[in-house]
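Beneath this line is the structure, given in structure tokens, with notes to follow.
Chains here go by letter, A, B, C, D, E, F, G and H, matching the order in which they are written, and residues are numbered from 1 within each.
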Amino acid sequence: MRQGAGEVIYGEGKTAEQIAAIASSLMGAGQPRVLATRVDAKKADAVAALWGDDGGIAPCAYYETARLVVFGGMPAPDGDGVVAIACAGTSDLPVAEEAALTAEFLGNEVRRFYDVGVAGIHRLLDVADELRAARVVVAVAGMEGALASVVGGLVAAPVIAVPTSVGYGASFGGVTALLAMLNSCASGVSVVNIDNGFGAAFQASAINHLNSRQG
Amino acid sequence: MRQGAGEVIYGEGKTAEQIAAIASSLMGAGQPRVLATRVDAKKADAVAALWGDDGGIAPCAYYETARLVVFGGMPAPDGDGVVAIACAGTSDLPVAEEAALTAEFLGNEVRRFYDVGVAGIHRLLDVADELRAARVVVAVAGMEGALASVVGGLVAAPVIAVPTSVGYGASFGGVTALLAMLNSCASGVSVVNIDNGFGAAFQASAINHLNSRQG
Amino acid sequence: MRQGAGEVIYGEGKTAEQIAAIASSLMGAGQPRVLATRVDAKKADAVAALWGDDGGIAPCAYYETARLVVFGGMPAPDGDGVVAIACAGTSDLPVAEEAALTAEFLGNEVRRFYDVGVAGIHRLLDVADELRAARVVVAVAGMEGALASVVGGLVAAPVIAVPTSVGYGASFGGVTALLAMLNSCASGVSVVNIDNGFGAAFQASAINHLNSRQG
Amino acid sequence: MRQGAGEVIYGEGKTAEQIAAIASSLMGAGQPRVLATRVDAKKADAVAALWGDDGGIAPCAYYETARLVVFGGMPAPDGDGVVAIACAGTSDLPVAEEAALTAEFLGNEVRRFYDVGVAGIHRLLDVADELRAARVVVAVAGMEGALASVVGGLVAAPVIAVPTSVGYGASFGGVTALLAMLNSCASGVSVVNIDNGFGAAFQASAINHLNSRQG
Amino acid sequence: MRQGAGEVIYGEGKTAEQIAAIASSLMGAGQPRVLATRVDAKKADAVAALWGDDGGIAPCAYYETARLVVFGGMPAPDGDGVVAIACAGTSDLPVAEEAALTAEFLGNEVRRFYDVGVAGIHRLLDVADELRAARVVVAVAGMEGALASVVGGLVAAPVIAVPTSVGYGASFGGVTALLAMLNSCASGVSVVNIDNGFGAAFQASAINHLNSRQG
Amino acid sequence: MRQGAGEVIYGEGKTAEQIAAIASSLMGAGQPRVLATRVDAKKADAVAALWGDDGGIAPCAYYETARLVVFGGMPAPDGDGVVAIACAGTSDLPVAEEAALTAEFLGNEVRRFYDVGVAGIHRLLDVADELRAARVVVAVAGMEGALASVVGGLVAAPVIAVPTSVGYGASFGGVTALLAMLNSCASGVSVVNIDNGFGAAFQASAINHLNSRQG
Amino acid sequence: MRQGAGEVIYGEGKTAEQIAAIASSLMGAGQPRVLATRVDAKKADAVAALWGDDGGIAPCAYYETARLVVFGGMPAPDGDGVVAIACAGTSDLPVAEEAALTAEFLGNEVRRFYDVGVAGIHRLLDVADELRAARVVVAVAGMEGALASVVGGLVAAPVIAVPTSVGYGASFGGVTALLAMLNSCASGVSVVNIDNGFGAAFQASAINHLNSRQG
Amino acid sequence: MRQGAGEVIYGEGKTAEQIAAIASSLMGAGQPRVLATRVDAKKADAVAALWGDDGGIAPCAYYETARLVVFGGMPAPDGDGVVAIACAGTSDLPVAEEAALTAEFLGNEVRRFYDVGVAGIHRLLDVADELRAARVVVAVAGMEGALASVVGGLVAAPVIAVPTSVGYGASFGGVTALLAMLNSCASGVSVVNIDNGFGAAFQASAINHLNSRQG
């Protein structure tokens, strides 16, 4: 990772022992905090048990919905503005939370808008002003992925769209949402890989730190 | 065709001579009117030249945007209510007009809403009450096809979605819009083939004639 | 949901506790009945155990084949006519029953035609008159999905086709049936997502309540 | 080619000169007749002009719909029974005729059933007895390809299905028909490549000559 | 099934109780034998246990590799000639044996050629004369499916190709073999669905009984 | 468009007359400048001829490589920093220039890096410091699209990747580059549709105007 | 290019003027010879006309089948052994010749085996010893691409497979051959992009120059 | 296998008993060593237990990461030079090690470069000279597969690319890496099937033994 404000471990396919060891090593080398992604609850328990000896100096917190482990606690926000995360509802929460917590880990103030699906368009319109106030918007959606287009039409800020694998049949594990987002009729929308809440937050954070990083 | 209120010729791959001959034969057998679909302007000219001898008894009209020829004139509407046709703008017009004129040919009163793309959501909301007053709504959209989902969330009437081949790159000639519509987060939306404005209108007309046909 | 005649919970990915709580909350707010879809037998048992305290006022029934839980009982039909559900046989039953019971939950009289595959065309022809008497037909089929085309050629009513994931190899989990239905040579056929018996019934109900809702 | 009863030239990508030269060479080497496939009308004219010098000994006939050139005339049928070719209508004719004429070139008696689409199921049922009398049936269909399944349910003879590229949108140039035919719910159906009327006829002829060839 | 010489139960998705009951009912109605396909070993044990009461009058045999249960024993062959089944080796055996045993169940003499992959072309050439002596050849292959093309070039009899789901990565569960077989450079090859040994044998049997059935 | 700093016309499928009329109307309504995209050279000539009457007040310039027409001239840059555009070479130039000129039209200072393909990695490394100095980087690449990953690893700024349709065979018109970019091993990369240089520039401009727009 | 023994211009999308200018510039800088690929006959004529002034010092030759222009003549072979190029017949010749001539341009002795399709396996076996004598074999095939597997089983040398876009329907422009070659049951086969005869020859030449380059 | 220097058993789908029996039989017939691929840890334990009786004469070693069992020990390298194996990191190790150990089994000296992903381009450049010293390079990569292109640009030796199934979402189980590698902008790269480390090593070994085998 490029920021220096924290390091990230991709947890998929790593054991609890490996995750704890890498985190320990990174923090021993001076990192103030470490994030491990894609860690399920059982593995997180094992990580916490291994980590316990650290004694409070660097706590280890697990966020189950987002499947994230944060070592060393969340930083105070130091970005240029607010990162907004929008999604339609329950099924997209794991990806939306992965994005939201990653953004917080990277030093961003985050605002969540989690019940704004396009089939109930008025709930989305009710928060339009708040979305417009954000520095960057992450739009998370599965199925037909229409949220990205409607949000893209409402705000002038850059919109990063995250397709999710929510759906069945012809949703093809998120491919339909991915394609729809790539074809958004609203300009100013770019897209990351299916379920890649982390990647969207990473780029959102880069956008939201352009001043602080370069000034 | 099942209705008896008119016959339809699929014009693709047929010569002007064949179209004129079939239309003449059908009307000679008692059909009050005949519709020919997918006829380009040049072929339509040839059809009109051939048909000219008919002398005003059964006029032949060409609708260029929709690529339709109507022999015998449009009927008076005799359906149960209004068929609404919604689309986003210029590029989808050929398919939307194919749907609108086919519905008129089949005896429906049609209302057109042609500038209601989701990237400018307020234009769509401005006509929401009019859409709700329709007996059935046909939603025509290319690119990411989000219109069907937003319309499906606004109205209680059945919505028939028509993906169009408008777009480029990862729109894959309408496949993205098709998949998005099949995955609509709004219930009550069904889908027809890419660019199949005719088929959507045909089913819309069947829905809009349930009382008159069965009462 | 738009009808007001009942609410629907998408059960996939929700716990028994969540389903029971939402159902309880909805009925406490005045809903006469609630439908939960995609609930497997084990989860349904847990829901029933949790619900038991309700004491007969609002019974909770499980339909295993369709994987549906209905709270509050089925309503009397109040639609304009009959909804017909046709399918080929054993393998398609879960989707056909999801459609049939959803339609009943939404206040429709349903007739089932469950042994009418096109490889034995005479069984289908034997019920053609009964299909023609329906206000709307839902055609459920896996494999090559030919049922929708043949039914579409037999009836004048709108036909909603539901591809199922039944098959193997080049059926691609229902994609072949989906594509075939979208290309039906019979006009008047529209299509919903693979295995989406609920969505087909929802739209069929909307069609079958056009008079009662608007009159 | 394996039969010895005639040779075949795949005309696609060959010039008129090449086709005429190969045909001449084969017949000079003793072949009684030669078939050239996939020859368009313009190229066929050029072939005929080149061939003219042959003087009636070995005539050269062009079949425009099927895009076939036959040198040396058609043979008398010498197969075990009848090869039936079924298709739905106008659009599939080029492929159906490629199959029919190829079968005749290979020494088969052919019966054509060219207006038997499944959307008008009774026309197909009207010829069911005639189809059952055939030794082998070739079923040609585009769009959803349902004809193969219905025919497969009607006859005991082997059925060879030929998907055609007829259709638009989600027909994907014949892929939908191909997939549908591979998933036929009727046993006893096998499939050849899209638009491969020649290949279907070739195998049908092999089946129809099993006795004569081996006895 | 059309033959009357035996009935077939598609075992996938049916319980042991259902299979035994259907078989019992069919044989009670006069069927001399019944075949159940796609039955795994555990389910077959349960079927056998249930069937045990039948007392030897109609034995029940399980073929584990082919996952077939045969009730009532195999018949004596009564076809016109030999059905040859060719495949490359171990991995394709389940599909090849499903084809071979189905063909035997349907009254065919079967010859197996099970070690003739194209990477060791000489083993295939060693049996070329035996393959040429067959009335019909079933070629079973996974991976790149080249066996069908080479066999198709060696024999004049009809070749039915069965792609198998053997392979990994870009074999896509048999799709690569399926596509390769559809594009065979040898004429006279037709194709059935992936892993559909039953369907290939069914058609092979139809071809091999053309004389006996029609004479 | 949301900025107010200029309007954009999507030129594809519009006539020269339509483009000139819309541009004239927009500028008459107070727009200082208008951009028309996807205009080929012939159509641009016609637009210029029609526009000629405007007399120097609002010049009309055509950029052939990028297929863009700019009415009213380019503005002075008013963004927060530099937008870098990187691509590999000749074939990707049309898309890269569409991005570069669009960014200039939207008020950005642009730096072009047009000979930095990954097969010659040192040319890319030679400009790494300049890329790092940019506020946002647009990486344009066809074929395997690897440029986005390598650039993403070199810079901390947000990277917007544009796949191009450059390539043949298994490049599938840009799909391979699109997929590769979505799977970039470098975090901080988001992606737009194939050949969508305009969309990438639009988002890059939004990022590069966050301060000026909100301060 | 890495060799220094000649440079290559990818001619697709370049004008005759550009090709001639680049070639002239390269040879002026000391390159003994230059190859331009994917040049059609008309463009080649224009290149030759432009080049004529060069006066015999560096001739310019066009190879029409392969669509190659060679400036400066072919070198004497200086590789470690022979590069064999195998293909099935007429349709694959353009790709096979692109491979053969590119290999010659790069300093390899080439042997061509151009009538060895697997449907006539004996012609291939007749040249097996000659193939085995080659240092590396390039196998060029369209349709089902089986040639690579059979050749891979016959020789111990590395085999580079080139799928061609020859075929129709489910050949999908070479995708079927590509997939088949990737799934070859013979070890020791690797694959390049569809129609990429140049790339195969380039790698074959690298293999055939391992000694001379490193010794 | 063609080499005679050892035999290979494809372990997938074979039982421990079968693997041990085949290995024993091959070594009894004179093979000095045998390799079994795709053997998981549990099966390998069972193989080792069965093999134990062999008593040290022919040891049996299990390589867990690569899922390989080697009977009879590794040979001394006897190739022409070094085979280099490059990959990006942890996730690709199983495939990289399958390639590396297979190459060693086949008599090659192997050098491993396992932390050279393109997102950290300098680590790759640091080993460029060592890669250039290799006789052949195997580049193993998942996700976007860009490693093959960058390596291909750095070395003159033949590069064999192995896509891995590492990734999620739009990596499609390795398809994206496969397509990217086939479209490499660097010449001299060929590709094997997804996760086929064995096949790449097999061909690399063939290239690395050209002198020893033919001299």
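The working rule: a residue touches a chain if its C-beta (ideal position, glycine included) is under 8 Å from a C-beta of that chain, and two chains touch if they have at least 3 such contacts.
Computed from a prediction, not measured in an experiment: that's the story for all the values here.
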{"item": "B-C or B-D, whichever has more C-beta pairs in contact", "value": "B-C"}
{"item": "Centre distance in Å when chain A and chain F are each reduced to the mean of their C-alpha atoms", "value": "28"}
{"item": "Centre distance in Å when chain A and chain H are each reduced to the mean of their C-alpha atoms", "value": "37"}
{"item": "Rounded Å distance between chain D and chain H, as computed from the means of their C-alpha atoms", "value": "48"}
{"item": "Sites on chain D at which at least two other chains make contact", "value": "169-171, 175, 178, 182-183, 193"}
{"item": "All touching chain pairs, where touch follows the definition stated at the start", "value": "A-B, A-C, A-F, A-H, B-C, B-D, B-F, C-D, C-E, D-E, D-G, E-G, E-H, F-G, F-H, G-H"}
{"item": "Footprint of chain D on chain E - complex, ascending", "value": "1-3, 8, 80-81, 135, 156-160, 178, 182-183, 187-193, 198-200, 202-203, 206-207, 210-211, 213-214"}
{"item": "Interface residues, chain D side, partner chain C - complex", "value": "88, 117-121, 125, 143-146, 148-150, 152-154, 167, 169-172, 175-177, 179-186"}
{"item": "Complex interface listing, chain G residues touching chain D", "value": "90-91, 168-171"}
{"item": "In the complex with chain D, residue positions of chain B that touch it", "value": "12-14, 163, 165, 173-175, 178, 193-196"}
